[in-house]
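For reference, the structures are reproduced in the following blocks.
Each of the two complexes below includes subunit A, the first together with subunit B, the second together with subunit C.
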Partner chain A sequence: MNVKEFLSQKKNDDCVTVKTIPFDSHNIYVLYMPSITDMTKIQDSILAPLLEWNNPEDKTVDHAFSAEPLTILFKTKDMDSHLLNGYTLMLENETVYAVETCGFHYRAVSEPVSEMTLRGARDGFIESLEENIKLLRVHLRSTHLKFEHLSLGLKAFTHVTIAYVEDEANEKLLEEVRKRIKAVKEDYLPDGGVVEQSLEKNTFSLFPELQETERPAKVANALAEGKVAIFVEGSPSVLLAPVTLNSLFQTSDDYNFKWIPASLIRLMRFAAAFLAVMLPSIYISLISFHHGLIPTDLAISISKTREGVPIPSFMEAFIMQMTIEILREAGIRLPKPIGPAVSIVGAIVIGEAAVTAGIVSPLMIIVVAFAAICSFTIVDYSLSLALRAVSFVMLFAAAMLGIYGLILAVFILSIHLIRLNSFTVPYLEPFAPYYPSRWKDTLIRLRFDKEGGSDE
Partner chain B sequence: MTLKYFFCLVCSAVLLSGCWDIKEIEDVGIVTGLALDVSEEEQLLMINQYVKPGQIPTQQDSSQQDSPYQNLESTGTTLFEMIRENSLESNRPPNYTHLKSILFSTKLLEKEPLNQLIDLYIRDHEFRRTVPVFITMDPVQKIFNAQPEKELFPSIQIKELSENYHKNNTNPKNLTIGDMSQYISERKSFIIPGMAMINGNIKSYGAGVISGETSQYIGWIPLEKMEGIRYLHNNVEGGYLYLSEKDITDGPVVLEIKGANSKFDVSLSDGNLSMRVDVEVTTSLGEDWGVDRNVFKTGWEKEIKKAADKDIEDKVDVILQIAQKELKTDFAHLSQWARIHQPDYWKKHKEEWDEIFTQMDIDVQADVSIKDFGTQNFNME
Partner chain C sequence: MSDLRQLTSIQLIVIFISAMIGVGIILMPRDLANAVNAPDLWISIIIGAFLMCLIATLYVLLVTRYPGLTFFDMSKKIAGRWIGTLINLFFIFYCLIVASYILRVTTAIIKNYLLDTTPLYVIIGSFLLVSLYLISNGPGDVVRFFQLYFPVMMFMFLILALLSIKDVDVQNIRPVLQSNLLTTVTQSKITFFSFIGIEFLMIFSPLIKKKKTRNLALSVWISIIVTAVIYVIFHVLTIGVLGIAELKEITFPTIEMAKSIEFQGFFFERFELIFIFGWLITVFTSFTTYTYGMILGIGKVTKPGWWCMAGAGLLIFIVALYPEGLTEVLDYSSHIQWIGAVAVIGFPALMLLISLMRRQTHDT
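This part shows the complex of A and B:
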C-alpha cells in the first residue's frame, strides 16, 4: 500500500482529520486524530510554520521545522500506530513525516497510595510511558541507563520498555527478559499485572516472580543494583526482575534511616510475616493437640474461654480468618467515604458481638486479629496475598495433624521456595544457595562503608 | 498423570487420617495435682485434682464462686486402674501434662516401697520428669482440700512454696520425680520435702527420709532441724542466721546469708574414714537489736562471727546426728565425697557404706564472714 492509498483511506475515516495545505508546487497533507492530539500544538508548531514558510530555495517540509523532531516513516503499519499514539503525520509526495503532538490526558504525578514511605522521594508513576521514563531519569541521570522499546503480544497493542543500567545488569538476565517478552502470545494485555503474569514461568506458584512498584526512586535503586525494569504503556506499575524473597521485604525507609533502628524494624517485619502465616495455625495445634506445651495458667484460662464455644477450634479459626479476609476485601471495594463503616461494623460484629454471644472465644479473636495486623506490615502486596493464602494452608495442616502437620507443611513450602526461580535467579538467594558474604542486606541492614572525612 | 496421582495422595492423606489425635483443650481434664495415700480398707487411695476452668475467677467477675478444683478420689490396687476409674465420674479424661505436684503420705510410704509406686510415672511419657514430689504426715485429703489464699489450687500452692528455698533454709529444695527415680536406681537414701496443714494453711514443714535400701519411709526431719541439710547438700543460696542474746552479749542479731559454699574432704587413716566439712558463708548484718554496737570500729564483728560459726556447726551436727545415729542412713549424699576422694577405698567398701557412714568421724568447720552492715547505723559516735 503506498502513500496515496493510505491517504484516500484516511480521508474516509471519520476519526482522522486531513488538512490539505498548498505548498509551492504540491500539496502537503496533514493528518491527525483530533480526539487525542493537542490542537494548539498543531496550530502553533505545524500549521503556522507550514503556512508561513516561504523560502523559495528550500521547499521541503523537513526544513520548515527547526525544533520539532521529525521522524520519517516508511511502513503503513507504523503510520497507523503513530496516528493512534497522537502523532501528526505530514504527507509530502511519497514521504511521510511524523511529529509528536500528543494530547492524551494523564493525571498529575502524585504519591502512590499503595506504597507508603516516611522519608524519601514522593513521586509516583502515572499512566504515560514517556512521562514514566522522564520520572525515572529524574532519579537516575546516567548515560549508562539504557532503554529498549518492545511491543508485546501478537497484535502488538501493548508497548513495553525495558530499562537497565549497562554493565550492571547481567547479560543473561537481559536475554531472558527479552526472550520472555517475545514469547508472549496473548492479543491484548491491558495492565502491568497482566503483563507480570504473562512473563511468569511458575504459574502455579503463589509467590510473585516480578516485583511491582509505582515509585521511580525504587526503580532507580533496583536498576543500580543490576535489575531490569519493565515499563508498560498505560500502567503506573513498573515491573522489576528478578525478585528474591529477601528483596520483597526491603523498603526505602530501611536505607533512609540509621542502620541500627532500620535493622531492628526490618527484623520485626520478618517476625511479623512469620506470625502472620503461622500464628493462627500454631494456636490451633497447641490447643487441639499439644496442651502440654502451653504454660499451665494459660492452658487453664484458654480452657475457660473456650468453654461453651459450640464449634471446634479449627472451624472457629477458619471462620474468623474468612471474616477478616471478607472485611479486607470489602474495605478495598467500597468507595472512600463509606470505607470506615466496614471497620466499625467489623469491630462490633467480630470483636464484641461474637464473643458476647459465645460463638467464638476471645483468645481466638486476639490471635486472628494479631495475625491480620502482622500481615499489614508486609511491604509487597503480592507477597502479602501469597502469605495470606499460605496461612490458610497452614491452618488446614495444623488442624489435620497438629505441630507435626505444620512442620510437614513448612517442609513443603521450603521445598517449593528453594526450587523457585525468578528469571534464573534462585528465589531464596542468598540463603539458599548459601552466600554468606551477601548477607549484609538481608535480615538486617549493615552500615554503609565509608572513608574520608575527619575523625572527630 | 502425575497430577492425578498427587491429587489422590493428598486426598487419601487427608481423608484417611482425619484429624488425628485431635482433642480440644476444653474437653481435657487438666490435672494439676496427684496425691497417694492408704485408704481405710488398706488399699491404695488416689486423689486427682482436676481444674474446673469455668470456676476460675476473672477480672470482670470477682464474685465468690465454687472452689476452682475438683478432687476425685479412687481406690484400688494399681495406679493405672485407678486413673481409668476416674472416667466413671469425670466426663473429661485426665491429662497429666500440667501436673504440678505429687504428694505421698508417710503412711503409704511406710507400707509400700516408692520404686513400685512411681513406676507408672516414670514409664508413662505423659508425666514430666520435672514434677516435684512431696510428702506429708497428714492425710492427703486434708492438704488437697485446702483453700489457699493466693493460689487457686492446693497442688500448685505446695509447689510454689518449695520454690522459696533461697529465702529460708528450712525449706528444702524441690525434688523432682526424675531425680527421685535416679536416687532409687542408685539405691541412695534421700529426703522428700514435707508439707503439713498448720492452722488451716499449707506449710512447708520439714522433710521425710526415704531409705535407699528399702525405698520406704523411715523418719521425719522436723522443721527446726532442717537447716543443716542445706549446708551438706551445698545448695544454700540465701536465708538468714539468727543469733540470740544467749549467743552474743548484745543481741539478738540476724545475719542475712548472701552466699555459701561447702567443701568436703575425706581422708583415710588406719582403715578409718574421716571427713572434714568446711562451710564458708558470706553474710551481711540484716537486723541488729544491739544499738550500742559501733560498726565503724574495726573488729566489731568478731564476736558475732564466732557465734555464727558455732550456730552453723551446731546445725550441721544436729542433722548429722539424725543421719548417723537415729536413722543410720546417708540421706545427705556424703558418699559421693568418699567416692571422689578415696576411690580405691570406695570400690572395696561401697556395699557396706551405710555401716561405715554411721561410724565415720565428721568434723564440721564453719567460717562466716560479715561483709556488710547496711546503709545506716544509729550509733554515730
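This part shows the complex of A and C:
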C-alpha cells in the first residue's frame, strides 16, 4: 500500500482528520486523530509553521520544523501505530513525517496503594510509558541506562520498553528477555499482568517469574543490580526479571534503615511467611496425630477448648481458612467506604458467634487468624497469593500424614522451587546453588562498606 | 536438565556429608555399645574414619585416572564388557539393598514416634515418591537440594547438641582409654557402615571433571572428618546422657537422648521433634543418593529411560516391605555390611589394581 492509498483510506475514516495545506507547488496533508491529540500543540507547532513558512529556496517540510523531532515513516503499519499513539502525520509527496502531539489524559503521579514504605521516595508509576521512563530517570541518572522499544500484540499495539543498565545486566539474560518478548503471539495485551503471563515459562507453577512493582526507586535499584525492567504502555506496573525467592522478600525499607534493625525485621518477615504457610497445618497435625508432642499443660487446655466442637480439626481449620480467604477477597472488591464494614462483620461472625455457637474452638481461631496476619507481612502480592495456595496444600498433607506428611510436602515444595528458573536464573539462588558472594543480602542484610572520613 | 556442570569443593563436601549421615547416627550407638562395651567407644569412630579416608583415596585415584566416567563406565572399561556388567549389577544390588534398608529403618522410626497406626506401605511409598520426584530431573537438582538443606540439618544438630549438654553426666563418659584397645580397634568395622556414601564420588564423577587429585582428596577427607566429628559428638552426648548400660538396651538411643532434654520454664518440651526433622533430611538425602546411584546404574547396564526409575522404585518398594519387623531388618545389617564391603572396598581396589597393572588411563 503506498502513501496515496493510505491517504484516501484515511479520508474516509471518521476518526482521522485530514487537512490539506497548499505548500508551494504541492499539497501537504496533515493527518491526526482529534480525540487523542493536543489541539493547541498541533496549531502552534505544525499548522502555524507550515502556513507561515515562506523561504523560497527551501521548500520541504523537513526544514519548516526547527525544534520538533521529525520521524520519517515507511511502513503503513508504523503510520497506523503512530496515529493511534497521538502522533500527527504529514504527507508530502511520497514521504511521511510524524510529529509527537500526544494528548492522552493520565492521572497524576501518586503513591502506589499496594506497596507501602515508611521511608524513601513516594512517587509511583502511572499509565504513561513516557512519564514512567521520566520517573525512572529521576532515580537513575546514568548514561549507561539503556532502553529498547518493542511492540507487542498482533491486532492492537502494546508498546513495551526494556530498560537495563549497560555492563550490569547479563547479556544472556537480555537475550532471553528479547527472545521471549518477540515470541509473544497474543492479539491483545491490555495490561502488565497479561504481559507478565505471556512472558512466563513456568505456567504450571504458583510462583511468579517476574516481579511487579509500581515504585520507580525499586526499579532503579533492581536495574543497578543488573536486572531488566519491562515497561508496558498503559500499565503502572513495571515487570522486573529475573526474580528469585530471596528478592521477593526484600523491601526498600530494608535498605533505608540501619542494618541491624532492618535485618531483624527481615528475619521476622521470613519467620512470618513460614508461619503463614505452616502454622495451621502444624497445629492440626499436632492435635489430630501427635498429642504426645504437645506439652502436657497445653494439651489439657486445648482439649478443654475443643470440648463440644462437632467437626474434626482438619475440617475446622479448612473452614476457617476459607472464611478468611473469602473475607479478604470481599475486602478487596468492595468500594472503600464499605470495606471496613466487612471486616467488622467478619470479626464478629468469626470471632464471637462461631465460638459461642460451639462450631469452632477459640484456639483454632487464634491460630488461623495469626497465620492470616503473618501473611500480610509478605511484601510481594503474587508471592502472597502463591503462599496462600500452598498453605491449603500443607493443610491436606498434615491431615493425611501429620508432621511426616508436612515434612514431605515441604520437601516437594522445595524440589519444585529448586527446579524453577526465572529467565535462566535459579529461583532459590543464592541458597541453591550456593553463591557465597551474595549471601550478605539474604536472610539478613549486612552493612554497607564505606571508606573515608575520620575514624571515631 | 540442570545447569550444574562443575561442582565446587564446598558442593562436594555437602554431597558427601549428606550422603554419609543417615540411619547410622541413630543405630550406631547401640551396635557400638554392644560390641565395645566401654564409654570410650567413640575412639572406634575415629579409627573408622581414618580407615575410611584411606579407602576413599582409592576412589580419588580412580576418578582422576578416568575423568568424566562414572563407576559403571569405569568397570566396563577396566574389566571388560562382561565382567564389568557383572560388577555393575552387583553395585546396583548393593544400592538397592542399602536404599531399602535405609527406607525400612526410617519408616520404623516414623511409625514408632510419629504415625503408629498408618500402614507401612503408605509411609514407604510416600517417601519413595518424593525421592523419585527429586531424582527425575537429573543430578543437578539432587545437588541443589542437598545444598539447600545442608545448613538446616547442621543447624538442627547444633541446637540439639547445645541443648543436651546440660544433661550430660561426666561419670558416664569416663574412663577414657581404659578399655581393651584391641576391641576398640577391631570393632571399628561396625562404624564402616555409617561412613558409606563416600563411594558416590565415583557416581557424581562426571560433574567433577577438572579437579586436581590433591583438591579432590582434600574435599573427600574433609567430608569424612566432619562426619566423624558429628558422630563423635552425638555418641559422647548419648553416652553422657543415657549411660553405657542403658545404651545397649535402647533401639534408637539418639532419639531417646533428644527426648530426655528438659527445660524448666520453657514452653516447648519435646525436642525429639527437632531431631527427627533434622534427621529426616539426612536420611532423605542419603536415601536419594542410593536411589539415584541405582537408577543411573540400571540406565548404564540397559538403556536410560523413564522405566529405570519406575523399575528401581518398584524394586526398592518391594524389598523395603519384605522384612516382617524391625528385628529382622536389623538382623540383615551384618549381611549388608558384607555386601557393602565387597561393593565399596573390594571392587574399587580390584579395579585400581587392574588399571595400574595395565597402565590404563582415560582421556576426555
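We adopt the following convention: the second predicted complex is superposed on the first by the 452 of 456 C-alpha atoms of A that agree within 3 Å, B and C clash if a C-alpha of one lies under 4 Å from a C-alpha of the other, contacts with A are read in each partner's own complex, and residues count from 1 in each chain.
Everything that follows uses one rule, which is that a residue touches a chain if its C-beta (ideal position, glycine included) is under 8 Å from a C-beta of that chain, and two chains touch if they have at least 3 such contacts.
What you see is a predicted model; the values in this text were computed from it and never measured.
Novice: Quick check on the subunit A-based superposition: subunit B and subunit C, clash or fit?
Specialist: Fit: subunit B and subunit C sit side by side once superposed on subunit A.
Novice: After lining up the shared chain so the two structures overlap, which partner does A:299 touch, if you call subunit B first and subunit C second: first, second, both or neither?
Specialist: First partner only, subunit B.
Novice: Should A:434 be classified as contacting the first partner (subunit B), the second (subunit C), both, or neither?
Specialist: After superposition on chain A, A:434 lies in contact with subunit C alone.
Novice: Touch check for A:289: first (subunit B), second (subunit C), both, or neither?
Specialist: A:289 contacts both subunit B and subunit C.
Novice: Applying the touch criterion given at the start, work out whether A:403 contacts subunit B, subunit C, both or neither, answering first, second, both or neither.
Specialist: Touch status of A:403: second partner only.
Novice: How many degrees apart are subunit B and subunit C as seen from subunit A, counting from C-alpha centres and rounding to the nearest 10?
Specialist: Computed from the C-alpha centres, it is 40 degrees.
Novice: After lining up the shared chain so the two structures overlap, which partner does A:412 touch, if you call subunit B first and subunit C second: first, second, both or neither?
Specialist: The second partner, subunit C, only.
Novice: For A:307, decide between first (touching subunit B), second (touching subunit C), both and neither.
Specialist: First partner only, subunit B.
Novice: In the superposed arrangement, which partner chain does A:426 touch: subunit B (first), subunit C (second), both, or neither?
Specialist: second
Novice: Closest pair of CA atoms, one in subunit B and one in subunit C, after superposing: how far apart in Å?
Specialist: Once the two complexes are overlaid, subunit B and subunit C approach no closer than 5 Å between C-alpha atoms.
Novice: So which positions on subunit A get touched by both subunit B and subunit C?
Specialist: Common interface on subunit A, subunit B vs subunit C: 289, 292, 294, 401-402.
Novice: For subunit B, which residues are in contact with subunit A within the complex?
Specialist: For this pair, the touching residues of subunit B are 14, 17-26, 28, 30, 32, 51, 53-54, 56, 58, 95, 97-98, 100, 126, 128, 156.
Novice: Using the touch rule from the top, collect the residues of subunit A that touch subunit C in their complex.
Specialist: 289-290, 292-295, 298, 401-405, 407-408, 411-412, 414-415, 418-419, 426, 428, 431-434
Novice: Taking the touch rule as given, give the residues of subunit C at its contact with subunit A in the complex, in rising order.
Specialist: These residues of subunit C touch subunit A: 3-4, 8, 10-11, 110, 114-115, 118, 122-123, 126-127, 130, 133-134, 137, 141, 143-145, 147-149, 267-270, 273, 276-277, 280, 284.
Novice: Applying the document's contact rule, which stretches of subunit A touch subunit B when the two form their complex?
Specialist: 287-289, 291-292, 294, 296, 299-304, 306-307, 309, 312-314, 399-402
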